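Input: structures, listed below.
Each of the next two complexes has chain A plus one more chain, namely chain B in the first and chain C in the second.
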Partner chain A sequence: MDLLNALVALANFVLIPALAYGSQLALGALGVTLIYAVLRFSNFAHGDTMAIGTMVTILATWALQSLGVSLGPLPTALLAIPFGIAGAAVLLLLTDRVVYRFYRAQKAKPVILVIVSMGVMFIYNGMTRFIIGPDDQSFADGERFLISARDFKAWSGLDEGLALKSTQAITVVTAIIVVAIVFWFLTHTRTGKSMRAYSDNEDLALLSGISPETVVRVTWIIVAALAVVAGTLYGLDKSYKPFTYFQLLLPIFASAIVGGIGSPVGAIAGGFVIAFSEVLFTYAWKKVLGYLLPETLQPDGLVQLLSTDYKFAVSFVILIIVLLFRPTGLFRGKSV
Partner chain B sequence: MRTLALFALVAALILGTGVLQSWNSALIILNMGLVSAIMALGVNLQWGLAGLFNVGVMGFVALGGLAVVLTSTAPVPQAWTAGGARIIAALILGAASITLGAVAWRTLHRGRRGLAVAVIAVLGFVAFRWVLDPAVEAVEAVNPAATGYLGGLGLPVLLAWPVGGLLAAGVAWVIGKTALGLRSDYLAIATLGIAEIVIAVLKNEDWLARGVKNVIGLPRPLPYEIDLQGSPVFAGRADALGLDVTTASTLYVKLGYSVLFSAVLIAVLVLAQLALTSPWGRMMRAIRDNEEAAEAMGKDVTARHLQVFILGSVLCGIAGAMMTTLDGQLTPSSYQPLRYTFLIWVMVILGGSGNNLGAVLGGFLVWFLWVQVEPIGQWVMQIATSGMAAESALRVHLLESVQHMRLLTMGIILLVVLRFAPRGLLPEK
Partner chain C sequence: MKKWLLASAASLLATGAVTAEDARIGVILGFTGPIESLTPGMAASAELALSEVNDSGAFLTGITLVPERADSTCIDAAAATAAAERLVTTDGVLAIMGADCSGVTGAVLSNVAVPNGVPMISPSATSPALSGAEDNGLFFRTAPSDARQGEVLAQILIERDIGSVAVTYTNNDYGKGFADSFEAAYAELGGEITLTSPHEDGKGDYSAEIGALASAGGDVLVVLGYSDQGGKGMIQAALDTGAFDTFAMGDGMYSDALLADLGGDIDGSFGSVPWAEGEGAEAFSALASKAGFTAESSYTRESYDAAALIALAMMKGAEASSAAVAANVLDVANAPGEPILPGELGKALKIIAEGGEIDYVGATDVELGDSGEAAGSYRYYEITDGAFSTVSFK
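Take a look at the complex of A and B:
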């Protein structure tokens, strides 16, 4: 019984939250890694792309809510995601046209593009704050729990409840669908294949008649979709605050690098590695250990390895370890 | 010629603020401009001279702020007796286990070393927390409303400036050792991370610098306004200049800071200029322009990069200590990456990367804009929305959001400069 209680507590506080957070990071890291693979720079504006795309989704959600549209038990925001994607895609394509294309034509060094993306970050950040403000926004509606702790206790007769928030379930399901579509696109469609060819060897791809501008445009649209889905899921699951999205940049980059930057599979693996280690290191293990250990060995402290405010430190340390021992990442990404 | 004209423009802008707004705000802008110029010189050393991409400026600035607390505040004897020795022991233990791990990794055979290092890391961490935690609890329990931390050394606050540089140097060494020699944007991401961690430590380790409870009332290198106003000699002099005593005392203190900061800036600028034109500077630029060629000539690229990375970070640390001295308080939650990292980058790029005078100019100019964009934006928005009804929701929203204009402005400045004048206002010679 104690073992079951411990398992339920573990699932409730560690496995499920980490799985949801990992899916969000994986989607974010997939966007970063695609930009890296095709456009060959680390996009510092990605966090703010997520913020601004999610903002459009939120505005659309509010509009739908005021029109009385709803998805019943599901959050209305899911209906609004296409608007967010469209908004972000227009913005990214416009940015590419006005800003990035010039440097691409010049074949500027990647580090210059990184600095340029810093300027874009400023602008997106300013726009987000200008339109929706820097404060927390709540836009989640619909059913809050798929399984509530009380129902679970009554059903199973255990002391420990298992709560499954509907946003967590939606996050994981949506992430699986989106990732499946992206991978299918990359491996089975003509455009997807030309994207991969362009990423592997730009000159060879050009020689075989692939239009670089089409590849770049399609990449930005996919990145817009990934960023908005990741941002909206994160906002539904936790909360929407523009600055938090900027701070997500670090775990997202860590995920992409740990997996091997430029490698889509690596980005997803990296997202889960980072998410699980963050949660494992910052979770207070007292409860789980309380069920598992005999009375005499009960811990008196919280048995928390690091305070939750150090979650960035966890992704950072993993990043450093990978950089030191395997700079190309788990899945052998690119190295320019 | 161009240099002179542009610096004259900055002087005119600051003097204009003095005439149109108040001399007090002009001096506030000038003082922070001086500090920003030193930070920009640090980043310019790294980026302009060596092509290293540091986006962790905020972390080094915050370390400078920490140095002020650690050097200048009075020690808290009860806290030291409660757990001071134990905290020091824990820190030594932590450092020792990291060193032991590194040594084990170097000396042991390939097959076994992974396991050995893992065991050392786990045991070291457990021991570290076992020694540290009770001590931290004891220290933080000592009069938490006023102290609850170990305090500093009670030394003169000016000493904190070099100490800030030293702290920054230590952290820069660790980061440089790991991330230099890898791809350029890995250094960027590593520095981004370390900056967040420095801030997290400042916010959470209450025993160190009271965390988010802030340390206020830091010692000052200059007299307090109140004391000046009480002094008859000072009152007499203010009268002779035709100023009232309150205004005179605030101006006197601010001018005092300006003199101190200018002295530091001039010293740093002279050194940076000497470094730029020295054989060392030539070597650094050669490495920046073609690493392979420099390496083939027998230059140790990674070691030189480490050197210049540390030097640049030291400048940011010193500037951070100066800034905290000026503020008279350490508030960890006020450190925002957009303000302390990316804004410094705008200064360097706008001023002209690779040109020390350019960095200084950028520091002043961008700081001036950062401060003044808001009132200007307010004024523009007032005019733009004057046609709308006073209570219209859109108008209220627009007027309230004006403060976010500065981010937008900085982003546009950065992009426009990079596109149309990538070498900045004062290009490298």
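Take a look at the complex of A and C:
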């Protein structure tokens, strides 16, 4: 019984939240890493691409809700995601046409593109606030919990509750599906293969007749899809506020770099490493140990390795260690 | 060439004459950043007071008050200082209504206001640390210090027989100052604090913080944060995981949006918020709704009062200057004199012009202590049936 209590407490406060957060980071990092692989720059506008795409999704959700469309227990926003993707894709392609293509033609250094992307970031940022405003927007509907803590306690008779939000479950499931599609696309389709070829060696790819503009366009569309899915899941699970997406950029880049920037598998691994390390290193083990240890050994203190103040420090320490000992990241991406 | 010089000299004179009639008042608030959802209402309130003064026609002859907005960002002291510097040196503002968050307010005060001799009245900086700041008599605030609110909240908990709590605060000057004063007051009254854990604003994920706080335990989670930021995120995460059901909240958590989002889930939670009851607050609500915005947002009343005090102090000093504001704010804010409510600024100006005394009451029952700070009264509220209900005033 005590063992079960300990496991449930651990799952409730560590495993489930970290798994959902990790999935969201992984999707975000996958987008960043694809741009780095194909277009060869760190896209700082990614956080705000998520914000603006999610905004379109939210507007579409509200339109659907007012038309009376609903998915029953699932959030209506899932139906609105394609609109968000379309909106973000148009925006990204337009930005590429107006801004990035100019610098590509100049063969500008990656660092210049990074700064350019920061400019784009501020423009997106302003557009989002201009259209939907800086406030919190709530657009989640449907069932909130698959299992609520109170019901679980009543059902199992345990002292500890276990909560599983439907958005957490949707996040993990959707992340798995999206990642599977992206990988299948990269490895099994002609366009996907040409993207990888272009990423490995631009000149050789051009010689073998791959159209660079097509590759670039397809990349932006995939990135738009990833950004909107990640952004919408995040907004459903937590809440939608433009400022939060701007802040999300940091852990997303940490994830991409830890995993190995330019490596899709690495981005996903990195997302989970960052999410789990943030929670695990700062968890107070008092409760779990209290269930596991005999009474005489029970801790008085909190048995907390680090205060939660250091949550972000943990991800950056991991980042530094990885960069020191494996500059290309866990999964051998490009050196940064 | 001579003609051209003459022409430009003439145009310089002309512009000089125009600016002499404009008395610029800086409105430095965080229009971007963590409290960007609160600041539009605050700025509108301050500007409402200024336009009320202008429209009354009773202000200093030929002088129009012109608000100049600038962005404090709430968190970036360097950006706030630069913005304030621009207001003071380029726009030539005579006084500053702001800044908002405690950290940037301290930075603007010591880097810009004090060196340039420009008085500032903050509507919302509540950190106790600002009481001891070196201000040369230039700093005032219409929001009470959190040193007092910490005591109020601690008393409420003891009144409710809650002896053990976990505390989380937003990781900035406001949250830290508030948490410190709360901890001291609560410990003195015999309460036990299991863990104090800060949280960052603007993040989406608070599972680590809630995990630690849940392990530490406690009857109630005390949340000293912002309702549209980490504070709400923490409550949401606590509810989702079933870690805490009841929350004791500081002033930053009081908002209708919180109820709209969480509503019935936080029934039974309670908190304190600086509050003005009575005529002043009602008069201001009426004014605000006539002007087309809602007064039911945080610190709108304090913003109105801050701007009104600046104008009244200028009138009292009989000149639109920084010195007049600094010297006369306490005089117009406190008794004795004719009590002045929102909407009666024109009347106040006339009384001053005739040599009379006024006691500005305003929307928040303004009474500034010797250090230029509002004493403040607090509303102890509880959430029942998804709405705020008043328990008592403290």
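Throughout what follows, the second predicted complex is superposed on the first by the 314 of 336 C-alpha atoms of A that agree within 3 Å, B and C clash if a C-alpha of one lies under 4 Å from a C-alpha of the other, contacts with A are read in each partner's own complex, and residues count from 1 in each chain.
The rule is short, and it goes like this: a residue touches a chain if its C-beta (ideal position, glycine included) is under 8 Å from a C-beta of that chain, and two chains touch if they have at least 3 such contacts.
What you see is a predicted model; the values in this text were computed from it and never measured.
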Give one word, clash or fit, describing how chain B and chain C relate on chain A after superposing.
clash
Once the shared chain is lined up, is A:326 touching chain B (first), chain C (second), both, or neither of them?
neither
Just checking: does A:150 make contact with chain B only, chain C only, both, or neither of them? Give me first, second, both or neither.
second
Can A:161 be said to touch chain B (first), chain C (second), both, or neither?
second
Taking the superposition as given, does A:239 touch the first partner, chain B, the second, chain C, both, or neither?
second
Applying the document's definition of touch, where does A:247 land relative to chain B and chain C: first, second, both, or neither?
both
Once the structures are superposed on A, label A:285 by its partner contacts, choosing first (chain B), second (chain C), both or neither.
second
Answer with first, second, both or neither: which of chain B and chain C does A:138 touch in the superposed model?
second
Mind working out whether A:307 is in touch with chain B, chain C, both or neither, as first, second, both or neither?
both
Output check: A:122 vs chain B and chain C. Expected answer is one of first, second, both, neither. What do you get?
first
Touching chain B in one complex and chain C in the other: list those residues of chain A.
129, 133-134, 246-247, 307, 309, 312
Enumerate the contact residues on chain B facing chain A in the complex.
51, 53, 55, 125, 129, 133, 178-179, 182-186, 188-190, 192-194, 196-197, 200, 203-204, 337-338, 342, 345-346, 349, 401, 404-412, 414-415, 418-419, 422
Per the contact definition, I'd like the list of chain C residues that touch chain A in the complex.
32-34, 36-37, 171, 195, 197-200, 202-205, 207-212, 214-217, 228, 232-233, 236-237, 240-243, 257, 260-261
Residue set of chain A touching chain B in the complex reads 41-42, 44, 99, 102, 110-112, 114-116, 118-127, 129-131, 133-134, 246-247, 249-250, 253-254, 257, 301, 305, 307, 309-310, 312-313, 315-316, 319-320, 323-324, 327, 335-336
For the complex, which residues does chain A have touching chain C?
12-14, 17-18, 21, 129, 133-136, 138, 148-150, 153, 161, 163, 165, 234, 237-239, 241, 243-244, 246-248, 275, 278-279, 282-288, 302, 304, 307-309, 311-312
